[in-house]
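Order as written gives the chain letters A, B and C; numbering starts at 1 within each chain.
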Amino acid sequence: MADPRFFPLSGPFSLGELAACCGADVAPGADPAARFVDVAPLDTAGPHEISFLDNRKYAAQFEVSKAGACIVQAEMVGRAPAGMALLVAADPYRAYAQIARRFHPQPAPEPWIAPTAWIDPMATLGAGCRVEPGAVISAGAELGEGCWIGANAVVGSGVVLGERCVVGANATISHAVVGCRVNIYPGARIGQDGFGFAMGPQGHLKVPQLGRVMIGNDVEIGANTTIDRGAGPDTVIGDGCMIDNLVQIAHNVQLGRGCVIVAQVGISGSTRLGDFVAAAGQAGITGHLHIGAGARIAGQAGVMRDVPPGGTVGGSPAVPMSEWLRQSALLGKMARRKG
Amino acid sequence: MADPRFFPLSGPFSLGELAACCGADVAPGADPAARFVDVAPLDTAGPHEISFLDNRKYAAQFEVSKAGACIVQAEMVGRAPAGMALLVAADPYRAYAQIARRFHPQPAPEPWIAPTAWIDPMATLGAGCRVEPGAVISAGAELGEGCWIGANAVVGSGVVLGERCVVGANATISHAVVGCRVNIYPGARIGQDGFGFAMGPQGHLKVPQLGRVMIGNDVEIGANTTIDRGAGPDTVIGDGCMIDNLVQIAHNVQLGRGCVIVAQVGISGSTRLGDFVAAAGQAGITGHLHIGAGARIAGQAGVMRDVPPGGTVGGSPAVPMSEWLRQSALLGKMARRKG
Amino acid sequence: MADPRFFPLSGPFSLGELAACCGADVAPGADPAARFVDVAPLDTAGPHEISFLDNRKYAAQFEVSKAGACIVQAEMVGRAPAGMALLVAADPYRAYAQIARRFHPQPAPEPWIAPTAWIDPMATLGAGCRVEPGAVISAGAELGEGCWIGANAVVGSGVVLGERCVVGANATISHAVVGCRVNIYPGARIGQDGFGFAMGPQGHLKVPQLGRVMIGNDVEIGANTTIDRGAGPDTVIGDGCMIDNLVQIAHNVQLGRGCVIVAQVGISGSTRLGDFVAAAGQAGITGHLHIGAGARIAGQAGVMRDVPPGGTVGGSPAVPMSEWLRQSALLGKMARRKG
């Protein structure tokens, strides 16, 4: 069971209620009236908890799990241990997400302005905002209703946040216009100057960075991630993008809708990603490229050319995924032969 | 036009004034008395704005740009759209930097000590400093004239900052002596213990880190970048270095003057870089190496040996650039042949 | 000599005392009663300072060092400059660590609650804690004796810290249970949501992250490093782990005892490392893997498969180290032949 010190709990709920909230089917033999108290991982769940099986790597854990119920795909029904109630869903992970959100709903923040917060008189806050101790809201900033500003976070002059944004502790935002329901994690840095200067042997000359960061709705920006503002054009993060920790997004970069950018990825200046591009951990993308919609970039890939829509690339310098796999296999075979 | 919410504007200026401030020539046919109100990117500039063309990738944008004026190299003059006034410069990007700084001069901070800032009685601040809400200036710290300390930034005991330094929001500095006009971005971490310990199966023994971070003049240190203090020798950052976001600089590293270190680069302990070394994004440099002056290191390179002055290297493990390109081409060809 | 502005000094100590504190032997000809005032690097040490030689790269520095004394391995005794007193130790770096700690002992913090710190009335602090200006201790947090919470650091609701933990300036901790003598560096982010969501073309659905971060004793967590809390299981960091700056540790990762994780490494979700695994800088480890005890991972390696106990791997995708070295050598040879 989730640690009650950190995770308040709703429920219990019946199996039928849980199935309904995620569109799953109660498998034959399971009692829709049986009640469950929480979600839990396969290996620690007990008879009053519900778990899920998504990654087949964990099928063996599933077969010996003590979970009272489990969400699975139809193919796995036959492998369940005796007595386990099953919910059948096409996408068990998504169904689990919905059920976990039922047990652990994200509460609206309790409105509060901490006495040690600093709210500039020229800032405007919507109804129901919560500003934790030490947070700073600068002149001209505009916060939508129900925003939650973490302790010691800093919202710079003129920054706009839509409704129900969450800004993590010690995060900073400047020169940015942010949509609704955006979640900015602790320590993220948004809107600082891009890395722009005219190089020269007599010294580098800083170029004023005159663009903004424009962030859509329902975006997540991970801990200690950095997103520079544009140099003249804006840096743009589309609706629904999920950005992990320690990611670098340079000036003028544009991300389409629903991009997934895993930890420690770096995207150089002026590169544009279409909708639903996925970049795995530590990948790097050179500047001034176009990465087509739905493209997928392998972990540690070094992308130096445009990628067509739907393309998959890996390696450094990156090539189409199938080619990269052949390169790796060939090199390994040759080295073993000579070894 | 730059968003006035974030970027106060000077001007307007005549084309002649703008040419003079950057040493460019007004091209034949352009009216030096014509007045312009701001800089803007090629694709959004209007008739009263001035843009620039530097990267030839954007020549097509230039040819259809609505900008009233544009800074270009001499070769591009013939490709300008009808009616566009031209400034001709050998380095259009540098000229643009100077013009953009004319429209958007960096103001000196308005002196202020925020009521919620914490200034230790044993700290000394030069004239004209601004200390934002929640910032902390510790005992024995010395700030030169006109320093600007961002909200919730922390300047540790005994730290010295020269004149007109800018410390971004939520940045921390300790055990450091910093020159003049240094710009430390939000969330940068300077002066913490280096990663030094004696390993052993019975446990690792921390080694006291007794050096400092010595930073020259006119340095930029990017958001969430980390620079550890020396273990005994100092960590040294030379005058005019430009360091991007999320860079790691380990203890005892020395950077010469004017080095350019792009985002997510890591430099291991005791490695020394000569003047004007450039390291592209995500490159890694092993410890105890010498990288000669003017060397250039490709993105994601893994440098495991010394690099001579002026050398260029790429790949992991890094080899001279020409060799790396041959390796990549050869491997690609072989894999396609077998495929 | 270490800068007294930053490093208070104990001593002087006699050579005999210093030998005794680290178990070294005073070499023949050296006077055990000779007194020394500090440690210093080989190239700057003077006649009243003691240095060490560990990395043979610095043997030439040793041969001309002006240090009054030096800690060396037995083989190096004959190469000492005339008049240098020697301490002989099997592990000179470890001996140096002990001597340096003698000259520069880590003082217990002077108990203090800064007036601008925010301590929630529902938080509990052990005796002798120091809370610097602007730090925030949230409801339900429990701090052991002698904890030192840096300026503007944020300790979240319900977080438990054992005795004598140090939390650096601007660090944040939430959803975590931390052991004793843990050192969390400035800007580290511990306990935020993992990167978990059900992807889908209609939008990604965030999955509640219901686990914690469990940290053992004597752990170091570097500046701006991020450790996400578990998704359901906990994220676990074993006793004595040393984690450098800008490291990413994803949800559900488990590190055994004494692991050494160098800067900018990324470890993906649910991967488990055995005891004393070492991962060099910028290495990446895919999710759901097992890395056996004592395994060593080269810098920039991209680990995509399990590694057996004691295994060493390098390259991306990673292969056994010997194979990687052969691959690199072979590719270099072929490219030079064709070049």
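Methods note: a residue touches a chain if its C-beta (ideal position, glycine included) is under 8 Å from a C-beta of that chain, and two chains touch if they have at least 3 such contacts.
Please read these numbers as outputs of a predicted model, since none were measured by experiment.
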| item | value |
| --- | --- |
| Chain C against chain B, contact positions shared by both copies (same if over half, else different) | different |
| Angle, in degrees to the nearest 5, of the Cα rotation that carries chain A onto chain C | 120 |
| Distance between chain centroids, defined by C-alpha means - chain B, chain C (Å) | 28 |
| Multi-partner residues of chain B (at least 2 other chains) | 116, 134, 152, 170, 187, 224, 246, 264, 282, 300, 316, 331 |
| Complex interface listing, chain B residues touching chain C | 116, 118, 134, 136, 138, 140, 152, 154, 156-158, 170-172, 174-175, 187, 189, 192-193, 195, 197-201, 203-208, 210-212, 224, 226, 228, 232-233, 246, 248, 250, 264, 266, 268, 282, 284, 286, 288, 300, 302, 316-317, 319, 322-323, 326-327, 330-331 |
| Residue ranges of chain C touching chain B (in the complex, touch as defined) | 2-3, 5-7, 39-41, 43-44, 55, 57, 91, 93-94, 96-98, 100-101, 103-104, 106, 114, 116, 132-134, 150-152, 168-170, 185-187, 218, 220, 222-224, 240, 242, 244-246, 258, 260, 262-264, 276, 281-282, 299-300, 316, 328, 331-332, 334-336, 338-339 |
